[in-house]
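There are two complexes below, and they share chain A, which is joined by chain B in the first and by chain C in the second.
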Partner chain A sequence: MNTRQFLFIFGRSPRGGVIDREMLDQMLTLAAFDQAITVLFVDEGVYRLTRDMDATASILKPSELLDLLTFYDIDSVWVEEESLMQRDMSLDDACLSVRIMPRAAVAGLLARHDVILGD
Partner chain B sequence: MGVLHLVNSSEGLTRCCNRLGPEDALILLEGGVYAAMTTAAIPNGFDVELFVLLEHLSQRGIATCRVLPVFVVIDFEGFVRLTAKHSTSVTWA
Partner chain C sequence: MKYAVQINDSPTSSGSPQTGFQFIKAALASGHEVVRVFFYREGIYNAFIPANAAEPAVPDWTALHENEGIELVYCISAAERRGQANPCPGFMAGGLGLWVDACLRADRVIVFGD
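Our next item is the complex of A and B:
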């Protein structure tokens, strides 16, 4: 099977988990078929990374999302630096291991992928 | 060829413009077409091709004479050609 480069962008605020659940289903399905997956958090999407978020009302807690990524060996997980800074957040606030990417590098990241899916 | 950015809201346009690459193209769709009437929508410092979908302008009663000249008005056929020309597309809702 051909391997294609998939990029998932979380750019909107977490909205109760249905969209997250669907995005996650897509990711895990692709991961099961050994496709290359990268995840990027930008803008309001970075709030998914918030540690200690009270997610009792949501279907999927942010930390669960990230645990599942690890379980499927999806380790290319990035957050845009400017999006964090604009929200007074830092990597210390993140509930999982993500790497920081400056906004200027995002266009290049998009161009390197075959399929881009967003929330 | 760069990335084709599909923008279908004004919020999406802001998100998109922050992350445009030098050879990318941008097309306004659905609620995003209103931005074709204002200079505020035009990304600075990039040689980005700008398009707006005719059918979605018409559905919202926006005459093509209201569209700024930097935008190329295209129909669905042109839209299909544009998607075929770019290897990757990304939707900003």
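Our next item is the complex of A and C:
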């Protein structure tokens, strides 16, 4: 099977419920078919990674989300620096593997991917 | 150019399915190919709400399938979660694997709605 470079952009606050679940289902199905997947957290999406995230039963904690990504061999995970700074956010301790990218580099990241999907 | 199209909104709560429908018709008229239309999330309602005079924003997907042979696949899990079972003519139930397949066969992937 041929492969494509997929970029998933989490740009919104977690909404919980089926919408969250279906976003992850789509990403993990692509991973299960051995597609190359990169994940980028920007804007409100950074709330998924923050220490004080108010996780309800239907929303994954940062550690759970990152465990899931690791389990599916998704190791290219980025967060946009300005999105964090503007919200005065600090990453959860579980986010050691998440790399920080300045906004100026995001266009280059987009250009390196064949398919871009959002949340 | 070959396109894979994903539709993610209900036709009665958003204009995005109609926008996607018009995009597909314009792409076909320009000689492009549509590999598959995949209905996901709230978009699965497109498979269960037939075109009707009272709701002109609801696209006539069945006619698109019958006239152009475009493959219409709705996500069976998303439909079951929403309690939907009897699709309009022309729609086929399928899994996300068919969406992956469409992405790999297409030159471009385009998503309508959220």
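Everything that follows uses one rule, which is that the second predicted complex is superposed on the first by the 103 of 119 C-alpha atoms of A that agree within 3 Å, B and C clash if a C-alpha of one lies under 4 Å from a C-alpha of the other, contacts with A are read in each partner's own complex, and residues count from 1 in each chain.
Here is the rule we use: a residue touches a chain if its C-beta (ideal position, glycine included) is under 8 Å from a C-beta of that chain, and two chains touch if they have at least 3 such contacts.
Given the structure is predicted, the values throughout are model-derived calculations rather than measurements.
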{"item": "Which of chain B and chain C A:22 touches, first, second, both or neither", "value": "second"}
{"item": "Touching partner for A:91 - first (chain B), second (chain C), both, neither", "value": "neither"}
{"item": "Chain B versus chain C as contact partner of A:30, first or second or both or neither", "value": "second"}
{"item": "First (chain B), second (chain C), both or neither touched by A:11", "value": "first"}
{"item": "Touching partner for A:2 - first (chain B), second (chain C), both, neither", "value": "second"}
{"item": "On chain A, the residue positions that both chain B and chain C contact, one per complex", "value": "114-115, 118-119"}
{"item": "Chain A-touching residues of chain C, taken from the complex the two chains share", "value": "40-41, 77-78, 81, 95-97, 99-100, 103-104, 109, 111, 114"}
{"item": "List of chain B residues in touch with chain A within their complex", "value": "2-3, 15, 18-22, 24, 87-93"}
{"item": "Interfacial residue positions of chain A with respect to chain C in the complex", "value": "1-4, 6, 18-19, 22, 25-26, 29-30, 33, 35, 114-115, 117-119"}
{"item": "Chain A to chain B touching residues, read off their complex", "value": "9, 11-12, 42-43, 82, 103, 106-108, 110-111, 113-116, 118-119"}
